[in-house]
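The structure under discussion appears below in the form of structure tokens.
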Amino acid sequence: MKTFRIGGVHPAENKLSAGKPIVTAELPKQAVFPLSQHIGAPAVPCVAKGDMVKVGTKIADAGGFVSAPIFSSVSGKVNKIDSIVDASGYRKPAIFIDVIGDEWEESIDRSETLVKECDLEPKAIVEKIKNAGVVGMGGACFPCHVKLTPPPGAVPTCVIVNAVECEPYLTADHQLMLEHAEEILVGVTLVMKAVNVNKGYIGIENNKPDAIKLMTEKAAQYPNIEVVPLKVKYPQGGEKQLIDAVIGRQVPAPPALPVSVGAILQNVGTMYAIYQAVQKNMPLFQRVVTVTGKSLANPQNFMARMGTPMSQLIDACGGLPEDTGKVIGGGPMMGKALMNTEVPICKGSSGVLIMNMTEAKRAEADPCIRCAKCVSACPMGLEPFLLATCSAKGDWERVEKEDITSCIECGSCQFTCPSHRPMLDMIRLGKSTVMGIIRSRSVKK
Amino acid sequence: MDLILVAVIALGAIGLIAAVVLYVASKKFAVFEDPRIGQVAAVLPQANCGGCGYPGCSGFAGACVKAADAGSLEGKLCPVGGAPVMEKVAAILGLEAVASDPKVAVVRCNGSCENRPRVVQYDGAVSCRVAHATCGGETLCSFGCLGCGDCVKACQFGAIKMNPETGLPEVDADKCTACGACAKACPRGIIEIRLKGRVVKDNARRVWVSCVNKDKGALANKACAAACIGCGKCQKVCKKDAITIENNLAYIDPAKCIACGLCYNECPKKAIHASFTVPAPKPKPAPAEGAAAPAQQAAPKAAPAAEQQQQ
Amino acid sequence: MANKLIVSLSPHVHSGDSVQKNMYGVILALVPALLVSLCVFGMGAAIVMATSVAACVLFEWAITKYILKREKCTVCDGSAILTGLLLAFNLPSNLPLWIIIIGALVAIGVGKMTFGGLGCNPFNPALVGRIFLLISFPVQMTTWPVPGQLTSYVDAETMATPLSIMSRAIKSGDSTILNELPSSLDMFLGQSAGCLGEVSALALLLGLAWMLYKKIITWHIPVSILATVFVLGGIMHLANPVYANPVDQLLTGGLMLGAIYMATDYVTSPMNHKGQLIYGVCIGVLTIVIRSFGAYPEGMSFAIFIMNAFTPLINTYCKPKRFGEVAK
């Protein structure tokens, strides 16, 4: 069984919502669209207070090349352009739309029929994806068209679909594969055409045997697409780890991109969104969200419109339990703890995880006993204990020399630390500082 | 007897060879250093705080010598030693010291536990910079003090302490050397190095807006009972045009301020703080008028410093 | 809602591992050897172990509380118990109480707490105690009671250990002396003289298997030490039969105990697998060198001690292979 070569941990899977069919979430009363839902420049609003919008109407333009437009997921009236506390924990500008009815843009094909053929040129496909506001839906939200436009000199040789879902608890991608296998496969062919390669891999972890079976069956019609079952190990969904696991090549240290070893990586949710955008003219305004947690009455998978407040989905699962200690946007290993439950569903919201007080509280940190478990766990071959200590002391030169910029912030080190040290907190601090130093250095040159 | 002789000769020979090696090495690897650098470094406080902007005191000494060769010590200031040390440095280098007004660190947040109710609980590493990266903070105010004490750790002079009651840092103006380490350590730029202000009865008088919240008035008000809501009342009452309001936040220009206390009395949110007991409002604030002249004199020199803080 | 939500950076889950679990895991792994030593040395073993553990725990508690004045007491983490147990395992079962207590004081006081407590000590504390005693009380530390005297303590009859036989063979150059060695099976099961913990290789290997199974340690350090000793001992034996055969080298003295429990001490061993292999090989070489050419019959303690000192150097120059790093 294939897997990546260095490090890795095995968190308890807790896939509570596995096998639960995707339920269409109710429309919210008011939908909120933060303008920075992706990595890169925030989008620029192109509607004003009082404007009427339909489902699929563009409400904000991309703010640059590395950016993505935002589309309304509801029909109604723009209430205001104000700010809301988003997943980052800071107040950010956002568009508020009061929902009236459910009227869709006419251009969107709402039928269920599968459209396989596509006679668009590769460039036109990328353009369509770009104009539909598709971003990486695994959580990082990197604008999709940027990945599909490899830098000059780089030659992609294969497309790898990330269907690993290595985060504990989350089942959104799993369920999406079970219900929309065909659409995903068409999406893969579209991306393969767009970047002009003739090999596609779909990496699925072995804890989803039903998905592996179904996808392998369906993929039989597509001779160039191969389903690769992978051994369960976190962080297999990390882009570098997945490339290593699937094609056995390691992407060099930053600033090298995955395409430097010939791989174009996309999440399985992104593939579905690409299919919808290209074949059905449907811009990205809804996604599958897992709402889960041990204390939650009824964990479920939802097809939710963007801008729906998380509290509404939590209520649909039986309401926020009394002893809730933490609400996490995303999975438990890399998700962000939210300040309140009114945070809207965004393009990158793969899940909402509820933890009770005892689960949520971190244990008190003991002194480092130098057991080197973090070193064994680090999937990037780094020494987390050293990076954390040097970052805490502000020795930026040393941490840069120790390759802190290679850290993918997967959390394996802190997960495995017997002394419960907040290592990743300090490493993040060091990494962002070093990145800043490197940037200012290149500006000076 | 032979044994002793052998030992003496052997040790003597080793000593001789080592001496020759040392001599050659000291000549061959000698590094010339301007003797003035050592002299200047000797009068510096040797706190190596970096407040001057150079790596340690010897770095600053080197920079001073270089600047002196260029003709002027302008812009060079040891914030710890202040004017007396700079005078000594200037004397060594044969120049005149550039006078500078004493400064002090002020904390511009009034979000005590009472004023600013906590809405979430932070559970990460005890570091303001980590907390800053985690979220907006434990309260609804995403600009104010995070209370993890990075400034306390940064201070080499023990001049900042956390007040456990308010959860805010407090500066001991007597110990503070205005080196700026705390201001640099604060991820939210809450601490400002401000002019100490004119001295009245052994007490330096300064007035500042103790808030950095740039949210709109209603939001700021909701987050903190003592937040500046940008209402502009202080701006209207100020007779010296020292107050500007930008992004819903008032700022008092220390170069223009005469510490009359009018704004202090006017502020409806008590967001303006003063280092002295401000007399209750009178119909005619006579003492403020009289103090205007000396403060204005200091203004042009302090202006560049004020600009730096805003960067 | 009654509670305030907690915010912190990811990860939000933890493996549930803890310092206590690891320490008590090692202690549990020492249980087979502990039982064997009780069977072989009886009351003497019980007294030595009880004294050593009690003294170590007491010293750690007293130093944290009255000298370091720390509020959080670290006695519960199990590291002091482990140090005490390992120290006892490195002592003969007829050692007087006061020497054991001095050993515990040096182990905890000098070896551990002077550097700041758990995680800060450069040398394995139990080894510091053992080496201090070995140098200060060479006579008491090298007289070994004959196995099987279950009710005697300081008054037990003594005999030579296999190691001293081996050492005598080397010094006299007479390989027939080696015939006095007990059979390999006896040494494997624990029917020879020696320190408490080193008599039965079988019990120690059981502990190793448990620790590997529970992922408390990795195989790198013990295997590299044992393999090096075996290979190097084999070469020496083939070259000159006054050196004992490699199997006996492995089974005698504190080699197993050192390789499995002392050298693998988290705090004082290198932090990555490559470094751990270098460390293990060096310990193996040093052990054989000291056993064959040194003044002391046993080289394991000194070998580990010397390599502890090199651990920071190994950590500095031996880095794990970075992801995507191209081999030079």
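Just so it is clear, A, B and C label the chains in written order, and each chain counts residues from 1 on its own.
The working rule: contacts are C-beta pairs under 8 Å (C-beta built on N, C-alpha and C of every residue); 3 or more make two chains touch, one makes a residue touch a chain.
Everything numeric here is computed off the predicted structure, so don't read it as measured data.
Colleague: Looking at C-alpha means, what's the farthest chain from subunit C?
Modeller: B
Colleague: Can you figure out the chain closest to the middle, judged by Cα centres?
Modeller: Closest chain centre to the overall C-alpha centroid: A.
Colleague: Which two chains have the greatest number of C-beta pairs in contact?
Modeller: Pair with the most C-beta pairs in contact: A-C.
Colleague: What whole-number Å value describes the gap between the mean CA coordinates of subunit A and subunit C?
Modeller: So the centre of subunit A lies 48 Å away from the centre of subunit C.
Colleague: Need the CA-centroid distance for the pair subunit A / subunit B, whole Å please.
Modeller: A distance of 42 Å separates the two centres.
Colleague: For subunit B versus subunit C, what separation do you get between their C-alpha means, in angstrom?
Modeller: 53
Colleague: Could you list which residues of subunit C touch at least two other chains?
Modeller: 5-9, in rising order.
Colleague: By the touch rule stated above, which residues of subunit A touch at least two different other chains?
Modeller: 89, 337, 339-340, 360-362, 422, 425, 428
Colleague: Going by the contact rule already set, what residues in subunit B reach two or more other chains?
Modeller: Residues 119-120, 123-124, 130, 133-135.
Colleague: Would you tell me which residues of subunit B are touching subunit C in their complex?
Modeller: So the residues of subunit B in touch with subunit C come to 118-124, 130, 133-135, 138.
Colleague: Of all residues in subunit A, which touch subunit B in the complex?
Modeller: 85, 88-91, 337, 339-340, 360-362, 392, 422, 425-426, 428-429, 432
Colleague: Provide the residue numbers of subunit C that touch subunit A in the complex, in ascending order.
Modeller: Residues in contact with subunit A: 1-3, 5-15, 17-19, 21-22, 77, 79, 117-120, 218, 266-273, 319-326.
Colleague: Quick check on the complex: what are the subunit A residues that touch subunit C?
Modeller: Per the stated touch rule, the residues are 6, 9, 11-12, 89, 168, 240, 244, 250-253, 256, 320, 322-328, 330, 332-340, 353, 355, 357, 359-363, 366-373, 375-376, 378-383, 385-386, 402-403, 406, 409, 411, 414-420, 422, 424-425, 428.
Colleague: Report the residues of subunit C in contact with subunit B in the complex, numbered from low to high.
Modeller: Result: residues 4-9 of subunit C touch subunit B.
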